[in-house]
Amino acid sequence: MQERVKAKAIELLESGVCDRVLGWKAGEFFYDVTPAVFTSREEIEKEFVFGPFCGANMSKYLIAESRKEGKKVGAFLKPCDTYSFQQLQKEHRIWRENVYAVGVQCEGMCDIEALKAAGIKGILGAEGSGDTLTVHTLYGDKSVERKAVLAERCACCKSKKLLGCDEIVGEQGEELESARFEQVAKLEAMTPDERFAFWRGELSRCIRCNACRNVCPACSCEKCVFDNPNSGIENKAASNSFEENLFHIIRAFHVAGRCTDCGECSRVCPQHIPLHLLNRKFIKDINELYGEYQAGADMDTRPPLMNFQMDDPEPSVVHERGSDQ
Amino acid sequence: MQKIGVFVCWCGSNIAATVDVQAVSDALAKEPGVVFSTNYQYMCSQAGQDMIQEKIREFGLTGVVVCSCSPRMHETTFRKTCEKAGLNPYMVEIANIREQCSWIHKDKETGTEKAIILGRAAIAKVQLNAPLTAGQSPVVKRALVIGGGIAGIQTALDIADAGFPVDIVETKPTIGGKMTQIDKTFPTLDCAACILTPKMVDAAQNENINILSYSEVEAVKGFVGNFSVTIRRKARFVDETKCTGCGLCTEKCPQKKVPNEFNLGLDNRRAIYIPFAQAVPKVATIDPNYCTMLKTGKCGVCSKVCTAGAIDYQQKDELIEREYGAIVAATGFNPISMDKFDEFAYSQSPDVVTSLEFERLMNAAGPTGGTLLRPSDGTHPHTLVFVQCVGSRCDGGEKGKPYCSKICCMYTAKHAMLTREKYPDTDVYVFYIDVRTPGKNFDEFYRRAVEEYGVHYIKGMVGKVVPENGKLKVQASDLLGGQQLHIDADMVVLAAAIEPDKSARPLATMLTASMDTNDFFTEAHPKLRPVESPTAGVFLSGACQGPKDIPETVAQAGAAASKVIGLLVKDHLTCNPCVASSNEMMCNGCSACEKVCPYGAITYIDKDFRGPNRTTLRRRVAQVNPAVCQGCGACTVACPSGAMDLKGFSNAQIMAEVDAICK
Amino acid sequence: MQVKEEFKPTIVAFCCNWCSYAGADLSGTNRLQYPANVKIIRIPCSCRLNPMFILRAFQRGADGVILCGCHPGDCHYTTGNYYARRRMTLLFSMLDYLGIERERTRVEWVSAAEGAKFAATMNDFVETVTKLGENKRLEDLRCKSE
Amino acid sequence: MSDMTEIVKRISGVNPRKCMKCGKCSGACPAYDEMDYHPHQFVDMVENGRLEELMNSRGIYMCLSCFACLERCPRSVEPSKLIEAVRLAVVRQQGKNHLNPEQIPELLDEELPQQAITSAFRKYRK
């Protein structure tokens, strides 16, 4: 798969369609794949990587890239990235005519923590498409079931569909029945005290590095309220429990109805806080209360928070619905 | 630093009884920024107001806090007071320590403590107040009336009388609307044409009124006082300026088989036609669907015959754009279609007609020249059955309309009376559920039909009508007689429900005017503002707002005209200054605010900003139109970055109030 | 356990200018008593209430926040309260998800003629929040001056 | 008897209060003359507590279940379903199923229209 993507990247540059291509490059470690801009054939051949660890979502870079002069920018987008890509177009953030989007079929990205948890030691590298993954280690090659080491968001992938791409490498996929709300349902079933303890445990580890905000395609404000001194809630470092809650509640609220559940926030969080569970809670509520809605699925339906029905449920529904042992 | 004056009112004993006003003014004197604090028996009295003005000049106050009754009571009074003293009226805040403090707490100590907190909140808010000036937007001194029926004509005449130019846009080739098709009117039995045509001629001759017949509204942009409307003048293929209305072409045209919609298809007309004799404008119109010249290019009889040379086959639709200060919707009504009421065999026999068709049969200019003849064989009908509430008062949905159409009882009584008067040998039955005659002289009119003209009014409904060898076998229940009637009728007239004109729904979306589920325009307030739409600058006249008869329509048309005159007489519209405003530096251009704005006050422009190292960045930013924005604030919450803020109730101000309260 | 000195909650009520603020005034005119710990902030419409303000109130020591607006369909700005209804439902659901007591936040539709309902709602809300006790889960110690 | 009225309303799913007394159902009813109580009266009697009287009347068996009234009712009150439920209420009482299917063959005659047979079977075969 990597060969076909690299060939496509080179072809885009050579044919003059684009003068630069957004792709992935191996970072410090093989599993630490970082996004990169390639402008020449040699660079692509040398560094371009498309393997089981290319989790980065390119669509947010396209906000700035699509506004630059010169030819189009080529971009490789996984199915979940294309949802963010369309959502950003819907919000007029990406100038579609300056972008040449190539959809890439994806079998799900792996998570190095899961690989380690699978008991494999001394890992040097891993590659391979299809269901098995060959892992190069100090003690020879091992192969492992790809499903077992998939990242959480890929294990319950919501859709392999490539939306709004100029071209597709590999086959077009379909929306999938995903069990992504199980974890949220488990949390909802807890008592309020247990939930409070769980979230205090998680959010107290937050060091306010803003990685989640910087990577989130829905969080693309010119100037964020938390950086704006006269917004009234500016805070650079959360000094106590309240400000940690405040930051994550307000951020989740701002992306509610626009978050495509791409899972990037949890992937990049250095403290491994399951931030996606916050956004999924809003998505689950919206689906239950206002009808199924997938952000970025199409260009015209109005996001749920910018829409209403005369017979929406009353806010007191939260009181009756919640479990209160 | 702000210089704030605090004025605590006793309100006689209303406040002073349960709040220690002296303690309040002393406590608030210590607040930061407060340079003067006092209390007085009646702040809203002339003496109280003079004291405020005096203190403003003496201390050079930049902000005033009045702790008194509800702002809904005296906010405007204190704003005017400060304005006279030279302080911007929006630098005043009211702390409600009467309805929301002194009157609801018996204990003086808690009352005083709460009054101090509310005072502090008001001071915190006034610290962040910015001087606001009510914006102004110019008013275009011209009105647009959409719909040329009696409602539109009457509205236009009244507006024109006040000296303002008016355009009437009518989709049909002539103005006049439904009333031109009516024979006589209730309760006075005036001939409809005799009382309508003079008004049509007035409208034509009035130099303030410009009639755009055979035209439709294509698009409406802008806001109250500044609407810009695109009107499509449909191609008539006849030059209005040249045509004298002699009607020669309408006699010579070879295409004779065109169903005449003016007579509801009961007879035919030519491809080139003038709807009726007193049409205004009296100009021929070519029907493109039937004219052989336009379809195949082989004919041209009318242009050869026309002495004035007014025929022009190449004429195209023309789009004109004009500015208006106010728009009146007068789109009128239509009877509903009868195809869902097969139990009355409307589609199976030509002798089953709707009331409007019956009007045409009775009308001298109608298909039968005024003598009532059966459409099937042209014979004289002896037994007539009128069926009331056909499609009205139903269950809604495909059963029919849930409302009562209001005018059918009266016009059926009129039809029954006229039939019995003209043809005493006829038997007239009217099947009704309730006869509703609420107007002036209405019930007397109905009683005359029963007592003087012997119309048989039977309480019960017709179950079914079966056409059988030339007769219509009507089977109905007679509830009071407790029997089932079988009548062999010669004609059955259905009092069909009325619904708004089909053009009303698209027009409402263009005007962002709201509609109810039956497609009638919603009024700003059902009882207190019945002729205005919630959308500023849009007014409602006639049946487009709900079923009504001619007297009510004319009354409402006058009311709508007076509202329009009230608007157009102003040179400027002062608009509420507490409106949203967007900080372009922080705006993402993501149109979240535009989607939640109920008034469509937000538009977007691409603007160049200075980028890093001398590059220019072109960004899409939001623009709020202060004249249209009503200041609800929905956009300020939809905007994630806080770029959108509301003057007078800004994020910082509300946060300051929250801080002052919770401290 | 007997609370040392009787705990008096701080309640912030955001009232929409056209309906519920008028309802509050009406309950005042009718002299309907409700506890003094409720302080009312006037906002143009219920859709003006930003979740930031609610969290700010809790941060500064409020023990309960209630939003009062016009009945859906009666909004002076036609659609304001529909948006507020969705926003508050989602926000309250998230606060409940984080384990914060559900009864600390509430939305109530009060028309300008429902003075009695306003007073009754306030009495009931203050009673519920008093039972819950002080807001421990969403407090900011730096703001607790005393 | 009021609980029986509730049962009849529940079985038929009809809300008699929606009836605006227009009489269209009776107007359309082909069996009007044979009935002592007519379709618009069914609805009124069920609503105003005269169910007992209706249950003892002969008229409820004259209904051909042709649904003319159901089709034409402007308020969607569906009188035919209501009278069906009333008949059910009668039949369910002890010993009131006064016609058992075995008797039907002798009662038949050639002119009896097909519709009446199917309707009779449906009514009595409970």
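We call the chains A, B, C and D, going by the order they appear; numbering starts again at 1 in every chain.
Just so we're on the same page, a contact is a pair of C-beta atoms (placed from the backbone, for glycine too) under 8 Å apart; a residue touches a chain by one contact, two chains touch by 3 or more.
Please read all numbers here as calculations on a predicted model, not as lab measurements.
*Asks:* For which chain is the distance between its Cα centroid and the global protein Cα centroid smallest?
*Replies:* Looking at where each chain's C-alpha mean falls, the closest to the middle is B.
*Asks:* With respect to inter-chain C-beta contacts, which pair, B-D or A-B, contains the greater number?
*Replies:* B-D
*Asks:* Between chain A and chain D, what is the separation of their C-alpha centroids in Å?
*Replies:* 64
*Asks:* Using mean CA coordinates as chain centres, what's the gap between chain A and chain B in Å?
*Replies:* Here the centre of chain B sits 49 Å away from the centre of chain A.
*Asks:* Could you work out how far the Cα centre of chain C sits from that of chain D, in whole Å?
*Replies:* 56
*Asks:* What parts of chain A, by residue number, touch at least two of the other chains?
*Replies:* 225, 231-232, 305-306
*Asks:* When you check chain D against every other chain, which residues touch at least two of them?
*Replies:* none
*Asks:* If I count partner chains per residue in chain C, which residues reach a count of at least 2?
*Replies:* Chain C, residues with two or more chain partners: 51-52, 56, 79, 83, 87.
*Asks:* Kindly provide every pair of chains that touch.
*Replies:* The complete list of chain pairs in contact reads A-B, A-C, B-C, B-D.
*Asks:* For a test of understanding, state which residues of chain A touch chain C in their complex under the given definition.
*Replies:* Touching chain C: residues 187-188, 192-200, 225, 231-233, 239-240, 242-243, 245-246, 249-250, 252-253, 256, 278, 281-282, 285-286, 289-290, 304-306, 308-310, 312-319, 322, 324 of chain A.
*Asks:* Where on chain A is chain B touching in the complex?
*Replies:* Within the complex, chain A contacts chain B at residues 67, 91-93, 220-225, 228, 230-232, 254-255, 302-303, 305-307.
*Asks:* Please give the residue numbers of chain B that touch chain D in the complex, ascending.
*Replies:* 343, 389, 393-395, 399-400, 431, 433, 459-464, 475-479, 484
*Asks:* What does chain C use to touch chain A in their complex?
*Replies:* 51-52, 55-56, 58-59, 72-73, 79, 82-83, 85-103, 106-107, 137-142
*Asks:* If we count contacts the way the header does, which residues on chain B are in touch with chain A in the complex?
*Replies:* 585-592, 595-596, 604, 617-620, 638, 640-643, 651-652, 655
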